[in-house]
Structures are given as C-alpha cells and as structure tokens.
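Structures given as structure tokens follow.
Two complexes follow with chain A in common, the first pairing it with chain B and the second with chain C.
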Partner chain A sequence: VTEPIELILTKVFWDVFDDETIALRPDLSAKDMPDWDSLTHIRLLLTIEREFRIKFTITEVGDLKNVGELISLIQSKTSSSSPQS
Partner chain B sequence: MSSLYSDLSWLPRPPADFSALCRSVLDRPEALGDRIKALASYALDQNQLVRLSKIIVRAQGASESLAPLTPYRLGVISNSTSDFLATALVATAARHAIALECVVGAYDQAVQESLNPDSAIHRSKPNAVLIALDWRGLPVRFSPGRRGEAESTVRVVLDHLNLIRNGIQRHTPALCIFQNLAAPPETLFGSLDRTVPGSPRDIVDSVNRAIAEEVWTSGGALLDVAGIAETVGLANWHSPSEWNMAKLPFSQEFLPLYADHVCRLIAAHCGKSRRCLVLDLDNTLWGGVIGDDGLKGIRMAQGDPAGEAYLELQRYALSLRDRGIVLAVCSKNEDENARAPFRHHPDMLLREEHFAVFQANWSDKATNIQAIADELALGLESLVFVDDNPFERTLVRKTLPQVAVPELPADPALYARTLSAAGYFEAGAFSEEDLKRASYYDNNARRAVLQKQVGDLNEYLASLKMEIVFQPFDERGRARITQLINKSNQFNLTTRRYSEVEVARIETDPSCFAMQVRLTDTFGDNGMISVVICRAPSREEWEIDTWLMSCRVLARCVESMVLRELLQHARGRNIRKLIGVYRPTDRNKLVEQHYPKLGFALTEQLPDGSTIWHLDVDAAEIDPAPMTVRSLFS
Partner chain C sequence: VSSSTSGQTSISFTEQDLAFFSDASGDRNPLHLNQEYARRTPYGQPVVFGCLGAMACLGHIRLPSGWSATSLEAEFLRPMFLGVKYRVEAAGDGGRWKGRLFDGSKPVVSLRVTAEASHGNEAPEEIGSASAFERREAAVRQQESIVPGLTVSGAYGCNPTALSTLAAQCGGVDRLLATVLSWSSYLVGMELPGECALFSKLLLHFHGTAPCSAAMTYRASVASVDSRFALIETDVSLLTGASTVASGKCWSYLRPPAPEVEEIDSSGVRLDSLAGRVAVVIGSSRGLGASMQRALDLRGAAVYGMARSRNAGDPAQTEVGDAADPEALRRVRERVSRERGRLDFLICNACPPALPLRLQPNAARRIEEYIHQAVSLTLTPLCEFLELLNQSNGCAVIISSIFVEHPVSEFPHYIAAKGAVEALVRVATLQYPRICTLIVRPPKLLTAMTNTPMGRLGAASPGLLANCIAARLEHPLEPGRTEILS
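Moving on to the complex of A and B:
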C-alpha cells in the first residue's frame, strides 16, 4: 500500500520549507510563497526525485507552473516506472 | 553498498522530532554549542543540514556563545553553485566541534576572488580557503595522442591553481585546500584511454599526481575528491542532469558526504583528529562469547567465512596502530577469559602487546572508557569506541558524547569499512613521529583503575522502555531453554546441564517451578535471556537449582526483577525460604556475589568451594527496576 502522491508531496514541502503548516492546492505556485526561490526550488526537485525515485529532465521541470502540474508530472513518471501501481 | 557513504551510515538516524528539536534549540543559551553538536551528529540529509545551518547562522548572528565549538572561517572559491555546499558545511562542521562561518566567492570567479584584496573572501579574513574547482573550472584540455600538449595542459592547470593560491596567500595566511579531479566517466577509446597520453583519463591522472606533489612540497591541504568519487562510483558522483539544471558540481545525494570530508580535514588541521581506538571483544573482534563459548568455540579462524569476517576488523585495527593510532580494549568479561584468545588463539592477528590499556570487567562501559582516557591522558574527544551491541553504543553516546561511537552494519565483514568510512582518524599531516606514536604509550595491556561511575545509569535504563516477560517452560521455548542451559557458563550459578528430554520433564514436574524470561527494549527483542529452575526439597522451601542469564543484559537490573517475580510465585505457594547455591567453575566468577547482592544470607560453605545462601521469603523486599513486567503465568 503506497501513500497517495499528494500526501508524500506535502511531506516533501514540509521538509524542504521547514514549515508543517503548508497545505498543497493545485494552483499553489512560487508566487504564493516568499521562501520559494530558485535555490529552494532546486532542493524541492531534488527531494522529490529522491522520495519518488524518479528523475526529471530539464524540459519537464522548466514548464512547471504550479503544484497541480507538478503532481501530474510525478503521476506520469511514477506510473510509467512501476506498471503495477 | 554506496548507501553506506551517501547515507553516512556510521551515524545514528535522526529522531522523528528532529525539526522540532532544531526549532527549540535556541530557546535557552546553556550549552548551546554542545546541543547543536549533538543535533549535527545524526546522519542528516540535505534538507536537515539546511535546517540546522539556519539555526547556527542565527546563533552566530546573535553572537550567542557556541563554546566549546572552535570558531572557524572558511572561504569557498568555486566554478559551480556553492550555496548548498555552504549550508551543508556549516551544519556538518558542528559534528566536528567547529563553529563554521562560510564565505562564498562570486560564482565562477576563482581567479578574481583570489587576486582582488577587496573580494568577499579576503575581506572575511578566512582561516582557510577551499578551492573547489572541478575539471570544468580549470584549463583542462584533452589532446589524445599528443604527449607534448598533454604535458603542457598539466603545467597550465597547475599554474592556474598556483595563481589562485598565491593570490590568496598574498593577502591572508589562510590554509589553501586544493581539490583533485574526479574523472568524468565518459571515455574516448574505452580501456585504451588509460594508455593514450592526453586522453581524459590520462590528463586527470596526471593533474591529480601533480596536485598531490604540489601540496606535499609546498604546503596546503588536499581534499581527495577523486578518492571520494571513486569510492561511491564515478557514474553516481557525476550527474550531468544536476549540472545542467543548476550547475551543481556533483550529485547532491553525496553532499552530506562531501561536506563531512571537508569538515574532517578542517578538524584535523585544528588538531581534532581522534587518536585512540577502543574495541569491544565478543562479537566485535571475534564471533561468539569467549566466556561462554570458550577458546575453541569463538569464531575467527581462517577458512571459516563467518570467522574470517572478524579478522577484517583486526587487520584494520592493526594497520591503524601502525600509523600511530593507540589501541585499547573495553569488554564485559573476566579479565583472564578476555585475554585468552590474544595469548592462545593461533588465528588472532591482534596480541596483547598491541594494546595500551585492556579493560575487561563487569562495570559499565562509560566508566571504563573514562578510565581508559584518564590512563592515556587523552581527552574523551580523542576516542573512538567500536561495539556490536547497540545497548552499549547508546549508553556511551549518551553518557560520554565526546566519544565517537559508530553504528555498525549487521555483517561483521563490513565493520572495518564502516569504521574507515567514518573518517575518525583523518590526518592533516603525517610524520615520522606519528609513525611511532602508538609505541610511545606503554603497550603492556594494563588495567586502568576505575574511578566513580560516570553518568546516571538508571536514567539511561528508564529511557530504554524495557519490558520483561516471565512465562513457564513450554514446548515452544524448550529448544532455546535447553540451548541456554548447555551453553551459558558465565552468568550461571550452578552450571547444571540438562537435555531437552529432561527440560520437558521439568515442565510437568509438580515439585518444580521453572521460568523462562524474555526482554525487549527500544533496540528490539533480546529474545530469551534468562532461565530459572526451582525444586522443592520440602513443602516450604525452594532450592534454586538453576539460575542463568545472558551476559548481554547484565547491569540492567534483570536479576532483581527475576527475584521479584520468583518471590511472588513462592508466596503464592506458601514457600517460606529460598535456597540459593553457587557452585564455582573456572568460568562463573562473575556471579560469586550474586546471592549476597540480592540480600541472601550465607549459611554454609562446602569443601568444594560451593556456597549455600538463604532468603526469607516473607521478609524479602526487592525494589522494582525501571521496566514493564508481563507475567504469562496462569
């Protein structure tokens, strides 16, 4: 039994931003969070890669606009790498 | 296997409330440095390092005292994104007792930063400057097949590094830390790269040799990035995607490892390298328990794979001693038993003369390690303690936090590698004197005198959340009961051996009362750790025919809890008197004073040395110890 992506991703956000009050919603983006600068963004992507055991390409992450798109991207990557889930 | 390195597996995992601990650490100023060092001493990942570094930077900004951490300022010159590196270094340095400030030079401006007296690096007056350049940041040009060009490339690279070094040293006396190059995994010809002058492999090898010679002859320090990268694998180390995404010089999976290596080096240059390796014996230097299994039963023989695994650690300890590390023993054992393998076992690599101090007794290990430090006139922060038993490791970490205590993997074949990966003995230099250091100490394996007990054992025991489970003999436990009865030698009052058939008979014999005892704690299930058999010579008396216990759970008040339980059953059956017997063997001196310690009175001494002890059941009172009791008697 695996946790839903949203739940794991929320914990990643808590970990990266050191803030356990963050609640994810699809339209959340860097504009809404002052701590979400370019360095933190990289740390966020690296942590997601580690937690979900996936690798992003620069093109994929370059197009991301908000959390909703991030979740779809993770979804597409995790479902293609493990067909049974 | 690379996870040993990327996860810093020799360090304990951080607790679940690590974030909360970080947040609250600044709430009070007392012992702030020590408390921050304690937080840094877990195996922290990148995000945890960021969290801790923020706390440290805040404390430094508020001019809070971080003593006893040594203040140190490090400049970083780099051709890649070094922001992550700086935060990782600040947090990691605390693990090595350093309060680090990190000053990062402008991105990809190594030469300008070093030459300009007004650069951020120079203005900060650093103690050291890390020149963190990889092959992309140096004038490295590959010229396969053109030897002359290859040689000139090596010269040009070295000139470039010297230009930076001279620039730095013109303005400050800072230590220059050079990095060598991790070869990119991409080859041109394949195996032939190694033989063709000017190929990537050839250039990297030649440059690395030249950098090493330069550091050796004209001073400075070398951070062996090539060695780190080769250890974890070049293809793991180099991440083209991460370079592409954010100009990260290597896979950030290894950032905690890289930072630890930099901080070890700095700590070594601050004189903080450790000097003494303290070793446990049973199941650390050999397989098995010498006091129970005997000289023929312990495993370390050549040709026995399980035994040979232990020889790896012996071999490594011996080679550390050859380079000047002092060795000591700290073991819960009878002194004579503990020394026997060193004297008589043909396969032992370590011998008594390799040890300065040899502590084998039944006192707690923290007190013994303090005695070793005192005897050698070394600070506790010079000591490393290796023990397979998590109970002892945690006790020593809690009681003597200055002592380094690595976590060990399940497989003893990896003990030596884990100890090496932890880098406790990192050296800034190596001289003839170092070579002889271990022999300066009298290596006479002497016993150090114990001073008063250090730390609060009861508090530690309470933190273990022990649960003791008592139950009658049963079929499921029979094999293990029989095994314990036939193999326990040390904590065994009478050393009576019974077969499985006899044990089965005791289960149903109405004149017998028998218990099997289990213990669990925060480290896990210790399994069956004690067996007691009583026989009734009269209607109101129980004679304790057998009482044995595993030495792994010594000094945890298990004996008194066993007696408490025994007294309850005795009272329930109108037994008035317990009769204890101690029958001496050459192995069980440990329990000579077992009965008087529990309040029994001596009534008889037999010619064979046996002693008989009595306890009045109604009058006996045993204080409860900090553990939960579960009794499965119906």
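Moving on to the complex of A and C:
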C-alpha cells in the first residue's frame, strides 16, 4: 500500500526542518515558516525528489507558491510515472 | 561504556579566529578572508568557515576516554558571520552525539558524530612539525568544467601547532575530527570546487586503521552535478600511505559568477532626450546603479558616478569613495559644480546587502546597524546635493523596494531602512520646494545581492528597470511633489 503524498511530505518537512510539530496545509508557504529560506528550499526539494523518485525542472521550482501547489506538482509527477502497487 | 553530555552556551567568531583556522587548515578562500571580495558577494561581509563552526560545536561534544569516532556528518545550513552570538546545543549518549549552532531560533550548523570504544587498538597518531598545502590560492573553476568523473588529488598536512591551539580553544576537539574538518574545508574551498564554493554538507566514515599524519594524501572525484542548483556531490578520501583515514562525501554549491552589467536596449530611445542634463549616480559600480549610469548616458546626459570601487569600463567621471563619507561626496559636488554648474538628477542607489534576520534578541544590534548604514548611504548624499539640485530644479531619485508596499517576513531591517529614506525625501521636497522626488519601488532584481542559486529565480533585469526610470526622467516631474514608480 502506498502512503498518501501528504503523509510522506509531512515526514519530509519534519526531517528537513527538524520539527515534528509541523502540520501541512495547502496554503502553507515560506512566509509562514522562518526557517524556510532559499537553501532550505533546495534541501526540501532534493529530499522530496529522492523520496518520490521524481525530478523538478527549475521553472517548476520557481513557480511554486505553497504546499498545495507542491502537492499538485508531486501528484502530476508521480501519476505520470509507472504506477506503483 | 556510556556517556551523556548536554548544555547550552553561546559562541562568536572574530577575524583572528578566521586567520587562525586558515593557518591551521590551509583554506585561504577569499570569501572568508578578503573583506573587499566578500563585500561583492550576496553576503556583503566575510563568512565564517563552516568547518570552524563545526569545530566549535564539537568542543561541546565529549567523546568518552578511549572511544574513537566512527563517522562525522556536518551540515552547513546557513552562512555564519563575525561578531554574532551563536547558541550551542549539544547532546548525546550511547555512541551517538548531536550538536547544533543557532542564530536565534535558526540552526546554522548541524553536526552528528558516532563513536565506539576503540579497545586500545587505534592507530597511533603521528603529529608532524610542518604543514603541507599544495595550493596557496583557491582554484577557479567554471561550472561547465566540473563534470562527473573530474578527479583531483594531492598531499595534505594541517599546520600542527595552529590546529592544536585551535582544537584547545574550541574546548578540546578530538584531533582526528579537527584534522578532517580542516582538510575538508581546504578541499572544498581551495580545490574542488575552489574559490566559488559554498560548503553544504560533509559525511565521513573513519576506518580506524590509519593514523592522521603530517604527510597524508587525498583524492576527490565528482560524483554528480545538479545543474539546477549548481550543487556538486563529491566522493572524497584521505589517506596515510595506502591506508584510508576517512572516506565519504562532500556536497557544495558553486556560487554563480557575478552578473555582468547589461547593455541597455537602445531601441526606441531618443539619444539626445537628456542632452545638457547632469546626473550623479550614487552606487554606480554594479547592479541597478551601473545600469542607470548607462541608461542616462545613452540619452545624452552627463553622468557622474560614485562607487566604493572602480570597475573596468567605468566612465572617467566615477569617484571612488563611500556614499556615507561627506568628504568624498563633497569632492563629487565640487567637481559637478565646477564642470557643469548644475545638477538635474541625483540617483540614490547605494544599499548594503541584506541578509534574512528575525526580530529576536540576538539580532537587535545587527538590525540597528543595518538601518544606520543603509540610511546613511542615502541621507548623506541627499544632504550634500539637495541645495545644488534645488538651484537646478532637479530631481532626487530614491531606489526603494516593492517590499515597502508588500513586506516580507525576513527583512525587517531592509524594509525599515527603505521606509526611512522614503520619508526623508518626502520631507526634502518641503525644505527644497524647487526639487521633485521620484521614489522607485522595484521588485527583486538580479544583482550581486540576489545572486544565489534560488535568489536568481524570478529576479528582474536591472537594465530594463534603469531604462524605465531614465524614460520617466525624460518628462518633467512637478516641483515640490513626490512620485512613486512601482
């Protein structure tokens, strides 16, 4: 059984920000989290790529506004790759 | 055997600490040691060696007597600066230790060490008397030349005296750990990637069979390059003779080259539209200031620049000096009065690089100092030139920021400084009613200040903005009024 994207993503956020109190919501963005700066953003994206086995383009990365858009992007990437069981 | 340590304290770094670490490690990367070089990076000031921060953090992790480290992981999460008080947190037991340095609530260095009882069979350490650094200057490598498979190797030996003193100053750091931190700093900062490196992460395993020695060799081979973020992953190893002391991986970013001053698009520009007009551009050596100089020059204005350093290709009318130095400004004013007898435009563009800061106790002094410095760079030129500008019915142009309208959370100092200079020019029009003022609130621009892997994304062109401002100045603004260009 594949874990829901939101659950995996939450664990990625906990790991990258070293904070297990983070609760993801669609409108959550870097503005809401003081530690979410540019270098952390890169670490976050690289960890997501590793975890979901996907690759973002630099344009996709630049366009991301919040967690909701991030989840949509991951969904589009994972659904276009080979299905998992 | 088990051990536990915990505690909280704070540390800070001085210029002498940087010099000492450089002596010990052989890392002479100019980002850490050269004020002028560092000033022209997005950090605006020398950055503390990440490995020195890690070493200071290690001073708070006590391995039990007779134990040897088996692995070291260090993450350099944010740049560190001189004079800032960093809080140390260290804890661990049962063979695993963790240490972190914080700037207020933000972690800047994170460290993990594993160790085990060595049963007295660890290799004896050989402490030499002389250092062995093959490079005295950091290698300069372009991103295109750094490809998977690129391999470098060489001899390495720390400066034993400096390293011992440094390890003791940091609170008694294990010699093996101090040695590999010094070596990895040298490897990344001097060799691969070299001068443009930003050390991101180090992961090493210790093999326990070979001692650190005065004559070690190293090998580093690029494993992968993520061109989106200019992130380089390197396989590294440190050897004594044929035996491996440590092996693992380094990750580092390659800082992008400084943005070139763009050519101004002259299509549709009337080349004599500002003929006979005289402008002074404060902060003209790079970024928007350099583009403003070109955009005004293109329209036929006589342009005088003022910058802290002169670039190749700068016009002869560039005065080298600090925009907050009244003497340097007086020289420019006297020259403009003597040669032109008038001043039509004063462009106040100088501003120190702004790094993210939180409104927290350990940031109060930095915020205050930033505001003071940033306001001075506009206030001092205004005070020097307003009278001349008034005599010529001129215009003061203030480069502010869109963040004044739409604040962002991490830049209270930058936004406060821009808000203050906007207030100053509004009052200037009351005191000097023949002048007009133009407040420009640009979005994020691609300049030396924003030139980081992520900072570059979505940054606007300074050349385009300069052309917009110059085009606005072709048409008269109303005396005694302030206009905002957003």
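To be clear about the criterion, the second predicted complex is superposed on the first by the 82 of 85 C-alpha atoms of A that agree within 3 Å, B and C clash if a C-alpha of one lies under 4 Å from a C-alpha of the other, contacts with A are read in each partner's own complex, and residues count from 1 in each chain.
We adopt the following convention: a contact is a pair of C-beta atoms (placed from the backbone, for glycine too) under 8 Å apart; a residue touches a chain by one contact, two chains touch by 3 or more.
No experiment lies behind these values; they were computed from the predicted model shown.
**Q** For A:K11, is the partner it touches chain B (first), chain C (second), both, or none of the two (neither)?
**A** In the superposed model, A:K11 contacts neither chain B nor chain C.
**Q** Between chain B (first) and chain C (second), which, if any, makes contact with A:R50: first, second, both or neither?
**A** The answer is first: A:R50 touches chain B but not chain C.
**Q** Taking the superposition on A as described, I'd like to know which of chain B and chain C A:E20 touches: first, second, both or neither.
**A** Only chain B is touched by A:E20; chain C is not.
**Q** First (chain B), second (chain C), both or neither: which does A:D35 touch?
**A** Only chain C is touched by A:D35; chain B is not.
**Q** Just which bits of chain A does chain B share with chain C as contact spots?
**A** 18, 39, 42, 46, 56-58, 61
**Q** Could you list, by residue number, the parts of chain B that touch chain A in their complex?
**A** 19, 46-47, 50-51, 54, 81, 83-84, 241-242, 244-246, 248, 252-253
**Q** Mind listing the chain C positions that touch chain A in their complex?
**A** Going by the criterion above, the answer is residues 77-78, 105-107, 110, 200, 226, 228-229, 231, 356, 358, 408-410, 452-455, 457-458.
**Q** Enumerate the contact residues on chain A facing chain B in the complex.
**A** 15-16, 18, 20, 39, 42-43, 45-47, 50, 55-58, 61
**Q** If we count contacts the way the header does, which residues on chain A are in touch with chain C in the complex?
**A** 18, 31, 34-35, 37-42, 46, 56-58, 61-62
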